[in-house]
Amino acid sequence: MGGFIARRLLQGLVLLVLVATVVFFLGRLTGNPVDLMLPEDATAEDRAHLIKALGLDGSLITQYRAFIGNALKGDLGTSLRMRQPAVDVFLSRLPNTLVLIPWALLLAMLVGIPLGVVAALNRGRILDRTAGTIAVLGIATPSFWLGIVLIFVFSVELGWLPSGRMGGPEHFVLPVITLGTFLTAGFMRLTRSSMLDVLESEYVKLARIKGLSESVVIWKHCLRNALIPVLTLWGVFVGNLITGAIVTETVFAWPGVGRLTYEAVIYRDFPLLQAVIILKAILILTINLVVDILYAYVDPRIRLS
Amino acid sequence: MSNENVLEVRDLVTHLFLRRGVVKAVDGVSFDLKRGEVLGLVGESGCGKSLTALSIMRLLPKGSARTLRGEVRLGGENILTRSPREMREIRGRRISMILQDPQTSLNPVFSVGEQLREAIFRRRRGSKAEVMQEAAGALRRVEIAAPDQRIGQFPHQMSGGMKQRVVGAIAISGQPEVLIADEPTTALDVTIQLQYLKLLKRLQAETGMAILFITHDFGVVARMCNRVAVMYAGRIVECGPVARIFEHPSHPYTQALIASVPRMSGTVGGRLTTIDGQPPSLLNLPAGCRFAARCGHVQAGCRDGYPPTVMVGAEHTADCWRLGRQ
Amino acid sequence: MQVFRRVGVVALALFSVLSLSAPSWAQEPKGTLIFAVESLAAQTLDPILETRPGNAVYQAPMYDSLVGFDLDKGGLGPGVAERWVMSEDGLSWTFHLRPGQTFHNGDPLTAHDVKFSLERQMSPKSLAAAAGSMRRSIKSIDVVDDLTVRVNTNEPQLGLPAALSRAVAPEGSIMPKKYLETVGEEEFRKKPIGSGPWKFVRSVPGDRIEFEAVSSAHWRGRPRFKSLHILQIPEESTRVAMVRTGEAAIASISPETVLGAGRGGIEVMTVPGTMQAVFQFYGTFRPSVQNDPISKPRVRQALSLAIDRQQVIEHVMAGKAQMPRPFATFAFTESLSVDRWKRWSEEAYRYDPALAKKILAEEGYPNGFELKFANVALPGTQFMISIGTAIADMWTKIGVKVTIKHYEWGVFPPMQRGEQPNLTGWASMFRTAGRPDAPWRYNTAFSPDSTERMLGDTDNCPETCKKFVDLYKAVINERDPGKRTALNDSMVELIAEQWIAVPIIEGMGYYAINSKKVGEFAAIPGRHELGDVFERIPHPDQKPWKK
Amino acid sequence: MRSMPWLSILVIATMLCMAILAPLLAPYSPIDQTLRDKLLPPFWLEGGSSKYILGTDAFGRDILSRLIYGARVSLIVAGLALTVGGGVGLLIGIVAGYLGGIVETMLMRLVDAAFTFPAILFALLLAVTMGQGLGTLVIAISLLLWASFARIIRGEVLALKQREFVALAKVRGCSELRIMLTHILPNVLNTFMVLVTLNIGVVIIAEAALSFLGAGIPPPTPTWGLMVSEGRGRIAEAWWVSLIPGLAITSLVLSVNLFGDWLRDRLDPRLRQQ
């Protein structure tokens, strides 16, 4: 177990360096923050000054060496635009995204998993078809569009819910739905398919032979097994949520990390961009690690080694 | 062994409905199971043995298979007409089953103890401790060493043989009157097979339950059963006491089957014949005797209709035109 | 003499400000004014860290600028300094500060703060765009007395007041010397104070900035609302939705949504002259493109004639734009015969595809020619894409085969540098902000040592290029307003006839307004951002919108 | 067992026809503007004209024509992205799964990296670097796909490796390469095809999302994603501009998925695990 975690952490570190390097150079390829910070009629002199002020002078390699050096010391630099430590900026926004995700996941699980089970139990029947269709609809609707339609219907027309922004519980409804829809669909489909496999398995037969009640058979014996593949996708899903929240956060003016990342790209705020990507990667790696450990717990056959 | 039937199957018809068509897997099966006896149900794989068993348990694969006709009388009452919830009450406590493959028949994510507990718990509610005590006891009965440790273990930590014992323990933990054993040893190594058979016999002797023992191996039949029913292409073609069937197999198919196993008497070099040809496709069965195509003694009329069931001796019946005309 | 006339003008403007803000002293501020904007830029409240838009949107409420606005006409007006005079030798400007100004912590605002602020803006750590040029032009700054500052320059700098006016740049913002020196930079950035009509309350990164009205009167006018919240709402449809639902009182919008917003039963306010959309040609002087059609001024003129500007205004800009004046000139452009050029433009920028075709034929392109067209949008000006798409379509209609390529703003400036290989021989969209001083903008576009240098570069400066250089020198050193206007006119003329940077439309700023939340108000002409307007926005009951 | 999803097949076929025969079917050019006719509703609404059956967008461009040409672009994007991304995934999956050992470890770490790295961001970076365009979009979306393909294919291969015929081939002394090509590849193709069908939807949605973030195919070229994104600001007064392409996307993805599910049940029940 300990060895397993240690090895994973090591791999994670290598992976981080890889990611960091990619971001660093890819970012630099995309142009220059100075041009975006200066008014369109700035003189060459103004540019030179700003470049110096931002410490963007010096060759790429020197910059890269400095970046990696500091990064290993845990210093990911200062946001060019906000003149604050990039890590602080990220951490100040992270909670906003993190409060959104659990609800989206909860929605996905509360709706998606039971729906998947029901669909599987009624395989091929109308209920299954409808559930499946709804799921695909969930997958097939661009989330930004869904978000805007939701706003239009529920805030503008009906005036039931706020159009966006963080705030009290009512502010969470639309973003969570927008963020959770795809997830719900995913969970539903996955649960359904793995449920189908489990239902045909011998041990479910045995459970029935024991004369266990149908609900015990399904919700205890089947579901626990059916959830194993669902769980594997968890890591990926949550990862997607953290990064994929960009669209939702844009639509609902949610000051989270997704939006932050987007701005970091658009304004070429390299230190921020690097910090955001690296920290996200760390986050996702951790989540995956946790998921794997959970996995081993749910499925005794898995040995962490 | 009394003469009273604990299980009577009458004209049982179960069909599989597939995209390819209707498979007449169980097509009018009838037999009796007497209290405390072991009845072997023998036949090539795919002749409908397992499906017969599942029909009796009413655990047919959802959607694809359905029992169309017939009766399954357990202690006189037809359980096919029982409601699902009544059926659940019956399962495990009056009739139970051991599945073929121990590897897959235990739930991987629950401890052995837990899976036993569920079974026992249905019979007698009790404190967790008590029930666990009994679970350990159940394991001991199926000759599992150090049951108290085993109880905490998960299936993947056990050998195939041991798993099958656990399955056995689970199956009989409800003290059923009837146990269906569907090729319980085919998945086990030969050495372990023998142990397991012994175990079953012992348990049967102790509990006095009747066993419907499904197998394709006459050797096992000879070792386990009092009577044997030979199944071919969805029908039972011959049925009778083991000894009698071995001496005078009346149905050509039975004869061929027996010819194809090394003699029990163990005379070395007993010749091994194999049955040439394939069993008919259950999708479209031939009119008349289903064995006709492979039968050595096939004659005019064999293909006209399904042969009658003929009494060929005490408790010994066979479905064959030849016998009928004698 | 002229100096006094100038002062007179300023005084008048000052009067108008006072009269405007007078009634608001009447009642106590109440309620919250919520303004939704696309981006809070860097969201820093330290003036030396912020570029123009950020400064103008959310620093303006809490900071005053040394030189302010002419609120009615746009352009320069009194600010922290109520008047400013140039010394006879032209080597220094003296700013006379408005008496009785205080910072939010009660400290008086004095000449020392002005000196401190300007020097802080010029310091190396400053990100202010003009810091470099300020360092070059400003020799020293003397505090004459508490209400008088003298800025000494290396050479005559007619543009200095403009450069220190919020109408142009953020560099004029006045920061509290004493406070900053006592609490230090870090703390100042956390708890900034200024002298504006709004006090800083808090800033939530990526979400919003909150201000509160000052408790006393203010020369910019005392706010009618108790607090001011500026929200960052990136998605336009969401902004509009929030105005509809009343979650926001005012939202910045783009022409695309003006129509919808209007139909949605909410007020749409427009700010004239905030920018000019232009199409321009890089490196036409380079040998490599000598034989390209677009190196011929008349061909470029034909391209202009092919543009149906009314159509663009009406349909792309939803009617919320107007016919442009010559490149980078507006109604409020200083020392320019604006009326003459208005008339000139109406003629020159007319729609005449027939003539366009004719010219092309005469120039030897009866079947048109291939034209590469770089379409650029700055963040928040997506309509530039639409305009580009529209005129490309119009050019195709006179037989020019346009291949249009879109660039995200960030990748465009690098293309302007060096030999401009990727732009030479191309037509490209550009945009120029509304600001009162034409020469400054012309310099950055046409001087051989400038970034865009459309007429020629230092080692290859053809006829027109030379002409421009001389004119520009003359303009910036001419102190007689009359002569200066004449020179400005001829500079504008020179460029206009080159058809090298051709205005398409004069754009406006747009705001969707919930008329139940705020009363009618006017923005500053040429000033897109509302940072200097919030304090004058009334409650609906104070000044309802007339239907 | 499901029956053949005729409706889905019909929808897919229609869209394919639209894509292939675009120039013949489209009543107008997809990019020609008639500013005077802008934002006309579909013909069945009042104010709509039979001239523009599905109405016009903000530039007075015929939505039907844009829809038809959009099908072409969107499907080309999907096709290319799936070939590139799916292909790479297939290759890596097979190699990693079959060779195992250090190669597998490294490749799979790479896959993990891909999962940690926000694909949408990668797309953004590419878009601003290389400029928007088909190439960029395809690369971006491929980057989004290959990893998941690789993971699933590898799983398949691991299972296949245990099968006799592979062992036999080894015994017969076939080279690794030969085994991969002649024994492994054909056996994972089913899985691959199913994955492809199931991912078409993913691609089209990704295309839409990227257009929304300004990293898609640049205007005026019509793509469904871009159309939805362009019209989003007008849901209030001109819902058809974004709803119609939105419906097109949804119905295509829906059909493709139903078809894919059916294909999956047909070809490869094993795949249900993934």
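As written, the chain order gives the labels A, B, C and D, with residue 1 at the start of each chain.
Note that in this section a residue touches a chain if its C-beta (ideal position, glycine included) is under 8 Å from a C-beta of that chain, and two chains touch if they have at least 3 such contacts.
None of these values were measured; they are calculated from a predicted model.
Engineer: Hey, how far apart are subunit A and subunit D in touch steps, shortest way?
Structural biologist: 1
Engineer: Which chains does subunit A share as contact partners with subunit C?
Structural biologist: Chains that touch both subunit A and subunit C, as defined above, are D.
Engineer: On a CA-centroid basis, which chain has its centre farthest from subunit C's?
Structural biologist: B
Engineer: More contacting C-beta pairs: C-D or A-B?
Structural biologist: Pair with the higher count of C-beta contacts: A-B.
Engineer: Average the C-alpha coordinates of each chain, average all protein C-alpha coordinates together, and give the chain whose average is closest to the overall one.
Structural biologist: Minimum centroid-to-centroid distance belongs to A.
Engineer: Approximately how many whole Å separate the CA-defined centres of subunit B and subunit D?
Structural biologist: Between these chains, centre-to-centre, one finds 52 Å.
Engineer: Taking each chain's centre as its mean C-alpha position, how far apart are subunit C and subunit D in Å?
Structural biologist: Between these chains, centre-to-centre, one finds 44 Å.
Engineer: I'd like the Å distance between the centres of subunit B and subunit C, where a centre is the mean of that chain's Cα atoms.
Structural biologist: Spacing between the chain centres: roughly 91 Å.
Engineer: When you check subunit A against every other chain, which residues touch at least two of them?
Structural biologist: 30-31, 124, 144, 148, 152, 156, 250, 266
Engineer: Pull out every residue in subunit D that's touching 2 or more other chains.
Structural biologist: Each of 1, 128-129, 232, 235-236 in subunit D touches at least two other chains.
Engineer: Can you work out from the touch definition every pair of chains that touches here?
Structural biologist: Result for touching pairs of chains: A-B, A-C, A-D, C-D.
Engineer: Which bits of subunit B are touching subunit A when the two form their complex?
Structural biologist: So the residues of subunit B touching subunit A come out as 57, 59, 61-63, 84-85, 88-93, 96-97, 99-101, 104-110, 118-119, 122, 154, 156, 167, 170-171, 174.
Engineer: Please give the residue numbers of subunit C that touch subunit A in the complex, ascending.
Structural biologist: Against subunit A, the touching part of subunit C is residues 39, 41-44, 46, 49, 51-52, 124-127, 129-133, 136, 169, 189, 204-207, 231-235, 237-238, 241-242, 244-245, 247, 378-379, 408-414, 430-433, 440-441, 443-445, 449-451.
Engineer: Which residues, counting only subunit D, touch subunit C once they are in their complex?
Structural biologist: 31-33, 35-36, 38-39, 58-60, 127-129, 131-132, 214, 218-220, 232-238
Engineer: Quick one: which bits of subunit A touch subunit C in the complex? Just the residue numbers, please.
Structural biologist: So the residues of subunit A in touch with subunit C come to 30-32, 35-50, 52-54, 81-83, 89, 92-93, 96, 144, 148, 151-152, 155-156, 159, 162-166, 250-253, 255-256, 259-260, 263, 266-268.
Engineer: Quick one: which bits of subunit D touch subunit A in the complex? Just the residue numbers, please.
Structural biologist: Counting only subunit D, the residues touching subunit A are 1-2, 109, 112-113, 115-122, 124-125, 128-129, 148, 201-202, 205, 208-209, 212-213, 225, 228-229, 232, 235-236, 242, 246, 249-250, 252-254, 257-258, 261, 272-274.
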